[in-house]
Structure formats: C-alpha cells, structure tokens
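Shared between the two complexes below is subunit A, which pairs with subunit B and subunit C, respectively.
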Partner chain A sequence: MSEEHHITPLKTYLLVAGTLFFLTAVTVWASYIDLGSFNIVLALLIAGTKAGIVATFFMHLLWDDKKNATIFVGSLMFLAIFIGITMTDTEFRGAVNPEIKDPINKRAAFYNSLPLTDDHGYPLDKEKNHHEGDKDHH
Partner chain B sequence: MSHDKSSPDHLYHHFYDVDQQYETSKLGMWAFILTEVLTFGGLFVAYTIYRAWHPDMFFNANLLLDVNKGLINTIVLIASSLTMALAIWAIQLNKRKLSLLMLFITFLCALGFLGIKYVEYEHKFHLGQLPGEYYSYMGPEVVQQIHDQEKIDSYIASNNIFFDKETNRLYTMNNPHIFFSIYFIMTGLHGLHVAIGMGLIAWLMVLTARGRLHAGYYTHMEAVGIFWHLVDLIWIFLFPLFYLIG
Partner chain C sequence: MSGTNQNYLTHPKGIMSWLLTLDHKRIGLMYLFGGLFFFFIGGLLALGMRYALATPEADFVTNDQYNSMYTLHGAIMIFLFIIPAIPGALGNILLPLMLGAKDVAFPRLNLASFYLYTIGAIFFIYVMISGGVDTGWTFYTPYSTESHTNVMGTTMGVFIIGFSSILTGLNFIATVHKMRTPGLTWYKLPLFVWALYGTSLVQITATPVIAITMVLLMLERLLGIGIFDPALGGDPVLFQHFFWFYSHPAVYIMILPAFGIISEIIPVHSRKKVWGYKFIAYSTLSIAFIGFLVWGHHMFTSGQSVLSQIIFSFITYFVGIPTGVKIFSWMLTMYRGQVSFTPPMLYALSFLFLFTIGGLTGIFLGAVALDIHLHDTYFVVAHFHYVMQGGTIVAFLGGLHHWWPKSFGKMYNQTIANICAIGVFIGFNGTFFPQFLLGLRGMPRRYATYDALGSEELVAQYAATHGSSTFFSGILGLSIFIGVMNLLWSLRKSNKLDPGTNPWGALTMEWTHTTSPPHPHNFEEEPVLEHGPYDYDKVIVQPTLKK
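Up next, the complex of A and B:
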C-alpha cells in the first residue's frame, strides 16, 4: 500500500457534530419566523449545508478518491433532473388542459363517512335548494 | 497502518492487494448509495409535486405533527452519526474496546430513534391520522369552518366540503390523508433503513468483538458507516420538510 488511509482527527469530528447541532437549532428557530415563501428556501439551504457537511466529513468524501464524490454528486444531479423535468409537467398541466389542473377532485373515502352533502358538496337538506343554481361547472 | 503486503488473511484472491480491495468495496458502497438517493428521490419528487399543488394541505396537516419529537430524533440521529464516525476513528487507531463502545452507543441511539418513532406512529394510529382511505381524524387542526361565502365554490370544485348538521355550517379540510400517505411512506422507508442499520451495527459489534476488524482491515465498518450517515442525511431533509413547515 503506497499510502495510509487518512485518519481524521477527533477534533474535526467533534467540530462537525457541533456544527450540525447548531444548524439544527438554527433551522428550528428560523421556522418560527414568518418569512413567507423564503421559509422553505432557508430550511432547504440549511438542510443542504448539513447534508454537505455529513457527506464531506462523516462519509470521508474529502479524503477519498474523487470517484466516490463523483458518484454521489452524480446521483444528486440525476435527482435534480428527475424533479426538474417532472415539475415541467405537473406545474403546467392547467395551461394546456384546465380540466386536469386540479388532480385531487375525487372525494376521498373518509368523506363518505359524512353523508351529509350531495355529490357537489351541498347539504342534503333544506340548504340544498338555496345553492342549486351555481353548481353548473362541476 | 501496517498492511502485510505479502498476503493477509482478509485479502480475497481476486484482488491485487488490500488497497485495491478496500477501494473497490467503497466504490461498490457508493454505487449502492446512488441507488438509495434515487429511491428516496422518487418519494421526494412525490412530496415536491403535492407540495406545489396543495401547499395548504401541508400547512394544515403539519399541525398534527409534534415538532419536539422530530427535533429529539434529529439530535439522536446526529449523535449516532458522530459515534459511528468515532467507531471508525477508534478502529483506525486499533482501539477496539473504544470502537465497540461507540458502536454500542450508535446502536442505542438507533433504538431510541425507533422508540420515539413508535410513540409517534402509535399516537397517529390511535387518532386515525392514517394514509389514504384509512384516514379518519376530523379534529379542529384540519377541519375549518368556511366563513367566506365566495370561497365555497372553489371548495366545491375541489370537492373538499362537507356540512355539519349539528352546527348547520359548512366545513372544509385540505386532504390530510394525502399528507399522511406521503408522511408514512417517507418516514416509514427511512425507519426501515434505521432498523436495517441496527442489524448491520450489531453485526459490526460481533466482528469487532471477535477481532475480525482492526486497524489494517475495517472495510465493513467503513461501508456500514457510509450507509448510516446516509440514513442521517435523509432525515436531515425529512425533518424540516415534514415537521418545520407552516
């Protein structure tokens, strides 16, 4: 064997774990602040940072032959393609055919345990006639 | 490290030397990790699609999850990742007893994780917060009275409306059964990985106790370590995506 396996110093591991605990606290703290749609972006940024730290240090990718890191990054790239191309379909369905824009339109089974409305969601008793006129679009 | 270059016991005949054997094993492990990323990836795609289609559904159903339990599990899993890394560190320095101790703590953390998960699942099973057609919970977190008359039509369009005879009012709920389908399949598959990881860690403890693993040969531990860190890595995403939204 030409070179020995890298032995990461104990200090590095403890520092890495400390950082992970700290970032966990940050992400919980950040979730209680209303940042609108930026909340999810921030949560994913922190999770991505944590994941990067785990892969780099705990999974030893930093000291490995780079082929291992290439495989891992490759898997993430394929995942990005998977998500990206799927979203180009699911996010723009309504643009082509408005009929299929809302995918969940079948009544879920547990609603059937509440036989209190008709097929269009209107109450079965006296209020039914009240709404009769405006359900034509269903 | 002092590899006996001549021909150590643990060198299989189809490898040129122990170094090549070690690198090959790790490459194989990383190829497996790739399939794991894509397996969970499919579920993350499902999550992304439904989250994009129905953000309200996630915000409402999220109220039924206990952030504290999720946070404790996150801390437990990060701690177990640290002890797993330290078990490898110890074996690299030939500290077998320390390595064994670290593996044992990792095992206990995994057990603790599944214990907390069991309490969570048990509670949800009891309340009927179940996936798909088995869902039956109608608590105030997911059921909202419709005050805005103009919104009624849009609720009717999505068919998520029902009428309560006793209060004589219209109510809606945002498909929590779909949220729980995604929640149970993702955390369930992750929990299965934790359980499998426990078995692998127990196997490592046996190998270490028997003296099969040492500073010159710890490939099993390195490979299981990579697997275990992946389990941690996936939970790092599951925690904010399920527990910290809304």
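Up next, the complex of A and C:
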C-alpha cells in the first residue's frame, strides 16, 4: 500500500524560500523598533510562522497523512498550554502581595526601605524593643 | 496443537538470545526483573528511614545520610520502578498478546528503550556508590544548583530514562494503531490497552519536558547561565513550573496503567461484563488531558501568583470526576457478580479502598487554603503513598499474580499469596494512615529528626505515631517480600501447568488464543476474534484451575 508521492513544483519551493527570507528581514527590522515586551511576542510570532511554513511545505505536512499534522498542531497546543498557564503566574505575581513581585535581588532593596524588625517581626526601635508579652526567648 | 512444546522462555536459549532479543515478552521480563530489583533497593531505603524515624533523635544515620536516603528512595521508586514497571513489564508482555499481534510495531526500538533504561539505571547505581544525592526527587532550585552531592549523575540518569519512556510510549501508540488483528475494533479492545494508550500519550507529550528541565538544570550548574537564579535574572519558581508540568502528568503515567489492570482483574474475577466500558475508556483519555492543566497545585506555597493559585485549585477538582467515574464503574461491575477471592482480586479490592483514600485526600490538598497548612507535611507523604503504593504498586502486584501463569506457565501457592495480599493491606494502612495524623499535627516531611520540633508532649505524640508507622512498615515489607518470593518459588522445575490452561476463565485474547507460556511468535496462526473481551453474559468459560 504505497502512497502516492507528492512532487512539489519548483515554483512553490522558490515562493516559500522567498517568504522565509522576507520574514527573516522583518525579524531583523522589528528588532530595531522598541515595542516594550511586545518585541519578544512579535519575534516569536514571526519565528513560529516560519517554522509552520517549513513544516507545511518543505516537510510535506500539507500532503501527508493528516495524523502527522494533528500531532504537529497538538504539540503546539501543549506548548501554548505550558507557556500560557505559566504566564498566569509570572505576569500576575504580586497582584495581591506586592513583595512577591520583585525578583529576589531587587527584593533586598525593597526590604531595605522598610523599618528594620527583629526575628519576631517587631520593629527594632530601642524604646519598643522589649515587649511585655515577648517572653519566648529560651 | 502442533509445536506446543515451544515457548518463548526456552526458545531460543542462551544469555545472548536474551540480551539481543526482539521479543516483546522477553523484553517485558527483563523490565520486570530490573524493576523488581530496584523496588527491593528502594524498599530497603524506605525501611531504613522508618527505622531511623522510630525515635525522635538522630541515631543509626546522620542527617546527610538521611537526606540522601529519601532522595534516592523517591527517585529510584519513581523513575526506575513505578514509571517503567507496568508499561515496560506488564505492558510489553501483554499489549501484543491482547491485540492478537506478533510483536510491538517497532521491536528494535523496544529493545533500545530497555537499553536506555539500563544505562539510566547504571547512572543511579553510580550515584549511590559515589555518595548519593540530597535534593529530593524534585531537584528544586536553588538548592540543586548548589548542592555538593551528585546532582549531575542523577539528572543524567533521569534524562536518559526519560527517553526510554518516550520510545516505549511511541512504540505502544503505533502498536495500538497498526497491529490489531482484523476485526479487533477500538471498542473491542481490552481496557488495559486503552489504559496503556492513554499512558503512552502522556509519556510522549510530557516526558520531553523533564528532559529539557534536566538539561537546563545541568546548564545552570555547569555554566552558571541564569535561568533559575534570580541574581542572574532567572526565576527559581520557573523551575517548579517546568518540573511539575512533567511530574503531575507523570503521576498519571503511574496510575493509568494501574487503572487498566484493575479494569481487567475485576470483570474476570467477578465473572461479569464490565460496567460502563466506554466510560472507563474515555475517562482514561480525559484524565490524561486534564492532568496537564493542574501542575500548579504542587506550588501553592512557592509564591506563584494568586491568579494561578485559583486557576490550578479550580481545575484540580475536575480530576476527581473521571476518577470517580472509574471507581463507580468498577463497583457496579462487581455488583451481583460471582466475586471470587483469588489473589489478584484481593489486590484489586484493596486497590479500590486504598486508591479512593488517596484520591480523596488529593482533593483536600487541591484546596489552596488547606494545602498551605498541609504542604510539605506527612499528610502529603501519606496522600502520595496511598495513590502510588496503595494504588499503583498494589495494582501491579495484582496484575503480576493475574498474569503470572500466563507469562511463565506456572501457578504459585494461592493460599500464601492471599495471606500476603492481606498482609500488604494491613501493613500498608498501618504504615501510612498514621502519617495523615502526623501531617495534620504539623510534622514536616524530609526531616531526619523531630526532637526539637515542639513541646515535649508534641514530640512524644510524634514519636508514638512514627513508632506505630515503623512497626507496620515491617509487616508491609515482609508481606511484599514473601509475596514476591512465593511467585519466584513457583518457577521451580517440578511445578507445571497444562499449556492450554486458563486459570481464571478469562476472555481476553492472551488467555483464549495462545498457550501459557506463549509461543515465541505469540499465536500459531492469525487469531480470529469470536467475542468481546468481557462477554461473560454470552460466553461461558470455566476457570481451568480450581483452588
């Protein structure tokens, strides 16, 4: 049960190659524009499109058994789940507790701006230092 | 039948014919004995820890040794026994037989998987003799990038075994799609096949992530690039995302095949058609999928965002639904059946009981507010032992007893096997139920000593509870050991079954269409399907072996 082998016309190959070169140029060009954190999203979108084109035409996914395309799309979906849900953490850290938000090296500075406390969380002012109830120093 | 004297165990002969074999049954047996070997080592480590915990103070082992013991215990049990044991051993032996196929789709790849498993195992042995590793099986950063123990060796081992797992999964998926005998449509597949199929899907989608995680960890250790180290712009919590994106699905790699075994044992030993075939089949697939969306429930105290906490907690509850569907389907299968208390069935019954406790306490832990208190206490230890040992290992032992006569053509002493099954049940509950109480009273996991954890009264309470846990762990260990010895003892020469035997009167193809032990090529002619796998209402097969 040999399947018919698809022969792609040269024109398609050249067109695809052209598109890839064009998108590479767009990537370089886009990197010079400051879009903030959207830069990385854009770069990934372009790269993803290119990978998709390569898989579709050069790797013949378009003409293959559709199971292969399903697996390809499925793996992209899993990647999206992984990155997407992880971003519900990284993008929203600190929404409720601001001190969680900053990475630890900045956090040191953050804590420096707070009044100093002892191990039990009491302020380290001389007057208030010795609490009446605070007797659990063994 | 002609040529029934030929069986895969004795034909061909010689050590090389085993090491180079492409026969799925032989590869399965090699996985079986490899797995049992590491089960033994992991078990010794566990008993050592229980012994050390019987008293609050440090005696017998130093703190560093204790750290190494729990890390190796966890890593060996998970990566070298539980994950490969059921798919690698029982799955390999049974999948082609259940499909009426000659072998798996890619026999050479199958052997390659076993070689990779062996290489990974060698790394673990190297770690053990080079002083151990103390990060816990979870390898959390930042400690794992700093620990002076052999983190590299262990992560290399895990990395390599991961590939073994991926290749087995790939092989099984191709086998189920391509190797079914004519007429064996999807809904006529035994449920163990569905379970292996679901497991394989998870193996090929999740396992690459642990491989990447291990590589990132090694790069961070070796080259100091900042992926997880905040001082270099990394994020230590990201490690936990990576790790659990694999390891939560991995708990389904561990439990789904166990579900499959239970779905085989219960109808056969209740002589009843399985209730809710499609429910069981599809709940396997939905567990496999939902399992990918809940990993953050291991990270409720990691500092992840409140939004993630809520999302993960919410989705975690959904896992309970397909799991519940299965439990009820099994119970309805037994309802009004002729339940016989054979060793496989005793294990299956204790599975139902133990796994239900494990699953329900998982729901407790899925509630953020409660988990903040229970995280990293013995409550979690008890939860995952109820699901992994009470669930997976008990199911594995049940499956081993169920298919032992098939694999070897020998029957073990069923009375001893029954006593051991009951011993496992008692020993297990005695060991792990007290650990729920310890956790609720605040006893943290991974502590070598507990004499300084609180008031004298509290320490005395801990000591009493730990003490009884240790006592019962002895019963548990002994029961499993004697149970396995009982199986091995049946292999002696003088003990033989008639090759045509169908001791439990089962209807799946591995029992009805081939000999025990099977022919080297499984079936002497292409098997023709005459009935579904659980048609006990239509076909009457008598068990050929009465107790």
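Convention: the second predicted complex is superposed on the first by the 80 of 138 C-alpha atoms of A that agree within 3 Å, B and C clash if a C-alpha of one lies under 4 Å from a C-alpha of the other, contacts with A are read in each partner's own complex, and residues count from 1 in each chain.
Keep this in mind: contacts are C-beta pairs under 8 Å (C-beta built on N, C-alpha and C of every residue); 3 or more make two chains touch, one makes a residue touch a chain.
Since the structure is predicted, the reported quantities are computational estimates derived from the model, not experimental observations.
Asks: More residues of subunit A are touched by which chain, subunit B or subunit C?
Replies: B
Asks: So in the superposed three-chain picture, is A:Leu44 touching just subunit B, just subunit C, both, or none of them (first/second/both/neither)?
Replies: It touches subunit B, and subunit C stays clear.
Asks: Contacts for A:Phe78 in the overlay, against subunit B (first) and subunit C (second): which applies, first, second, both or neither?
Replies: both
Asks: With both complexes superposed on chain A, which partner does A:Lys66 reach: first (subunit B), second (subunit C), both or neither?
Replies: A:Lys66 contacts neither subunit B nor subunit C.
Asks: A:Lys11 contacts which: subunit B (first), subunit C (second), both, neither?
Replies: A:Lys11: touches no partner chain.
Asks: Is A:Ala55 contacted by the first partner subunit B, the second partner subunit C, both or neither?
Replies: After superposition on chain A, A:Ala55 lies in contact with subunit B alone.
Asks: Determine, under the contact definition given at the top, whether A:Thr88 touches first (subunit B), second (subunit C), both, or neither.
Replies: second
Asks: Look at A:Val96 in the shared chain and tell me whether it touches subunit B only, subunit C only, both, or neither; answer first, second, both or neither.
Replies: Second partner only, subunit C.
Asks: Check subunit A for residues that touch subunit B in one structure and subunit C in the other, and list them.
Replies: Touching subunit B and subunit C on subunit A: residues 74-75, 78, 82, 86, 90-91, 103-105.
Asks: Spell out the residues on subunit C that touch subunit A in their complex, using ranges where they run on.
Replies: Touching subunit A: residues 205, 209, 230-231, 233, 235, 237-238, 241, 245, 292-293, 296, 303-308, 311 of subunit C.
Asks: Quick check on the complex: what are the subunit A residues that touch subunit C?
Replies: 74-75, 78, 81-82, 85-86, 88-97, 100, 103-105
Asks: Any idea which subunit A residues touch subunit B in the complex?
Replies: 1-2, 4-5, 7-8, 10, 13-14, 16-17, 20-21, 24, 27-28, 31, 39-40, 43-44, 46-47, 50-51, 54-55, 57-60, 64-65, 67-68, 71-72, 74-76, 78-79, 82-83, 86-87, 90-91, 102-111, 113-114, 116-117, 120-125, 127, 131, 134-135, 137-138
Asks: Along subunit B, where are the residues that touch subunit A in the complex?
Replies: Touch list, subunit B to subunit A: 1, 3, 5, 17-19, 22-23, 26-27, 30-31, 33-34, 37-38, 41-42, 44-45, 48-49, 52-54, 67, 71, 74-75, 78-79, 81-82, 84-86, 89, 92-93, 132-133, 135-136, 152-153, 155-165, 170, 175, 177-178, 222, 225-226, 229-230, 232-233, 236-237, 239-241, 244-245.
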